[in-house]
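Here it is, the structure, as structure tokens.
Every chain is named by a letter (A, B, C and D) in the order it is written, and numbering of its residues begins at 1.
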């Protein structure tokens, strides 16, 4: 691992501006709270960006220098520009890690990565949640014993319309009787993806030490593990076939031509 | 299985109109050739639609009565309306099967289902392809012994930028020295998805009896296996929690409110 | 699907013989209760076998005529003969479905199929369990709305040491605060495998109508979907290579020889 | 990553003793050749062991100090003691990496990890093999461009009876017209597993620089990523339930009792 891993915390930062209660809970914004949690890991270099920054703070230059992107969105999913969604997706496929938090299950980027509706059930009752590690030795669960509790939470429940995860790291138990796959991993291209359910804007969940520990673990886990993969769809010239090859039959494309997209 | 399984063959039908050689090879269009292959299975009720039909022939009523959609696109991926892409995706998540053929790896729908770039390498040299069954007892390989050959093909080669398939049914060997995962399955929501690489417009590949057999197998395999899943993201009222629950703490959402999308 | 699907319910039948309370709850044995649940599906032809039958009731002839094997074991895992374990595994790889119930997570066959330790946590307190469908439209969840309850159950909890399931059909919530992946699918060779956690011998759980519905669904789901795959590891003679091939260099094996095992 | 990663190369070392041609090709044994390839990575501390060492060189103490075990077997799979197979499996589940080479597809350990028959087709003709990277940015493919060639190889062909790999890193093309999933990954417990097909004893394949590069990459990739997971199947006392719980109904097990195995 490089001496420094660059994490970028993105937040739509809408509730914090409009709702005084959210502003009181998260005076530095959810992004500020998450960033404060990450900098406790000295290996991490932490930046933040929000919806209202130029290009949402997600220029190509910024993304090129980001190893792991942490995403929080809820009320303004639709305001994220499609062009920037494509830019982020391309960077994930190259290898940038992506950590989707809480209501980001419905963000444009996460839905594009999953290929499903990403719907779930929910209830805002301030009930107790207990987050169980399905594999206590998974790197994302490091430092969590067998489970941890969140005293007041928004319930996210099954059915959760996702493709089968590569690994389920956490499953949540709720006081009201529901369950949820609250920590799941996937890989898309070379990007490692982690979805983590805890984190409602109306409760101080991102101040919970166990939640913070998981966030730090997840950034380390999602770090790119290799060189970048530059996506192309190249035509291989006949003369460069690995076995000697003679052209046969008709052709639609000229040699050197690009394919359709 | 119902006595009748309804298959809809969709084709952009562009090359057939513009390129006389394609028109000679596929006088009824690629969709016509594929439909002729499918009707040999008496269990199948087969329809066809093209890009130029109203709503591309993919109205909600049509999709509601379709069990499996077979898709062929190449030159006109960009002309498929986004609104119809969403409509097809929603129906796939409900359980409609989806069979993506050849250059449809770059169709909007397939890319949305995969969540990756779906890029590959390619070469149009008319070389020989041998399609191997990785599991000769897979229902999609029924009737194929260990492999079959296509005398003249367009090469599609690795790396193929897809998420790990649920199952790899076929891998292709090419005369020019390349390989490709040419038959792969996934599930998204309740929709079963099969990608099948053979099928260039410049060669009469859809007349190949083994290719036709695979197409019929794939439609049967992709049939919905249960009731429809209507996607929602419901708020569960506190009074309907399965365990007795008292509301605690602040709320962002009123009871009965819809969540953000 | 054939007009008739042949299910074989296997039970070690030890607790029923030794423990009067179990005998009172399951007077026909657990196998008898499960078989009674299955015969309500008129498509099923149902048989039963136990540890004490000759060859444990699992002769090659019996297995050859079995489409889906349902397994219940607990106190006598070690008494199941290794030779019969191998026979069952070979038949599963050919395509026979396998439904492992409750404490069968530790059966020889299930551990061999998984390749992991299959350990879990447990508590015998008669607490309430609520079984949630992660995908209410999955064929194994047909007829289950969103969840069902078991009033008195043995808790099986995470971490459950299994490989990532192909699909998680059910997750259980427990009164005592735990969660468990209680309905999971895998495929090994051509055999479809379903693990279903409910079913302690000290509670009448197999009389629960929802549990019985899941059992019937699971047998239908696990039905073989194609011809049998006869496992071999054949040497391909050089003269039968698909491309013309001349022998080069030294050989360890003579033509026609079998490989090492 | 720790400053030093401990790799143990295990070889049955039978052909080298019995067959003069193998002995000439691998004068230090296959294990010696592979070990020489690994020590080129200065991060690796490399040891070797063979079938004929006491306990096959796989005592508990040795395994406890091994991070990644590389395995080569062919003629003597049956001579590996079951007790040692269990010991190795338990260590893999704790997190030790396992790299299975060539004919080790039929080793007891690999078959136990997979849960399938692991059969394949084969031909010993000295033909050419071209190994394609399905994802050139995968850490196991680092330093391999798009493919590499082996001039004389034993063909291993599909169908390969394995469970769906987590990732397919390599697919091989053969001169004789076959294909094979020649580089595959899985996870069992916390152990990362890589199967790599190249490596017949009658050809100097382990001297090939690209093969050696893959071996070094694989050891790094398979390194344990977290603390050890000690497998247990604990009874959770009712008094330690996370939610207050009263015992209800009958019990089979006394508090503190171990479950059946």
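In the analysis below, contacts are C-beta pairs under 8 Å (C-beta built on N, C-alpha and C of every residue); 3 or more make two chains touch, one makes a residue touch a chain.
If you're wondering where the values come from, they're calculated on a predicted model, not measured in any experiment.
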item	value
Pair exhibiting more inter-chain C-beta contacts, B-D or A-D	B-D
Self-contact between copies chain A and chain B, residue sets same or different by half	same
Chain A-chain B separation of Cα centroids, rounded to whole Å	27
Chain centre separation (chain B, chain D; CA means) in Å	36
Distance between the centres, which are taken as Cα means, of chain D and chain A, whole angstrom	31
Chain C, residues touching no fewer than two other chains	130, 135-136, 157, 161, 164, 166-167, 177-178, 187, 242
Residue ranges of chain C in contact with chain A within the complex	130, 132-136, 146, 157-161, 164-168, 171-174, 177-179, 181
Residue numbers on chain B that touch chain C, as the complex places them	1, 94-95, 130, 135-139, 142, 147, 149, 166-167, 187, 190, 225-229, 242
Partner chain B, residues of chain A touching it in the complex	15, 19, 21-22, 74-75, 77-78, 90, 93, 103, 106, 112-117, 119-127, 152, 155, 157, 161, 163-164, 175-178, 186-189, 200-203, 231-238, 241-243, 245-253, 259-261
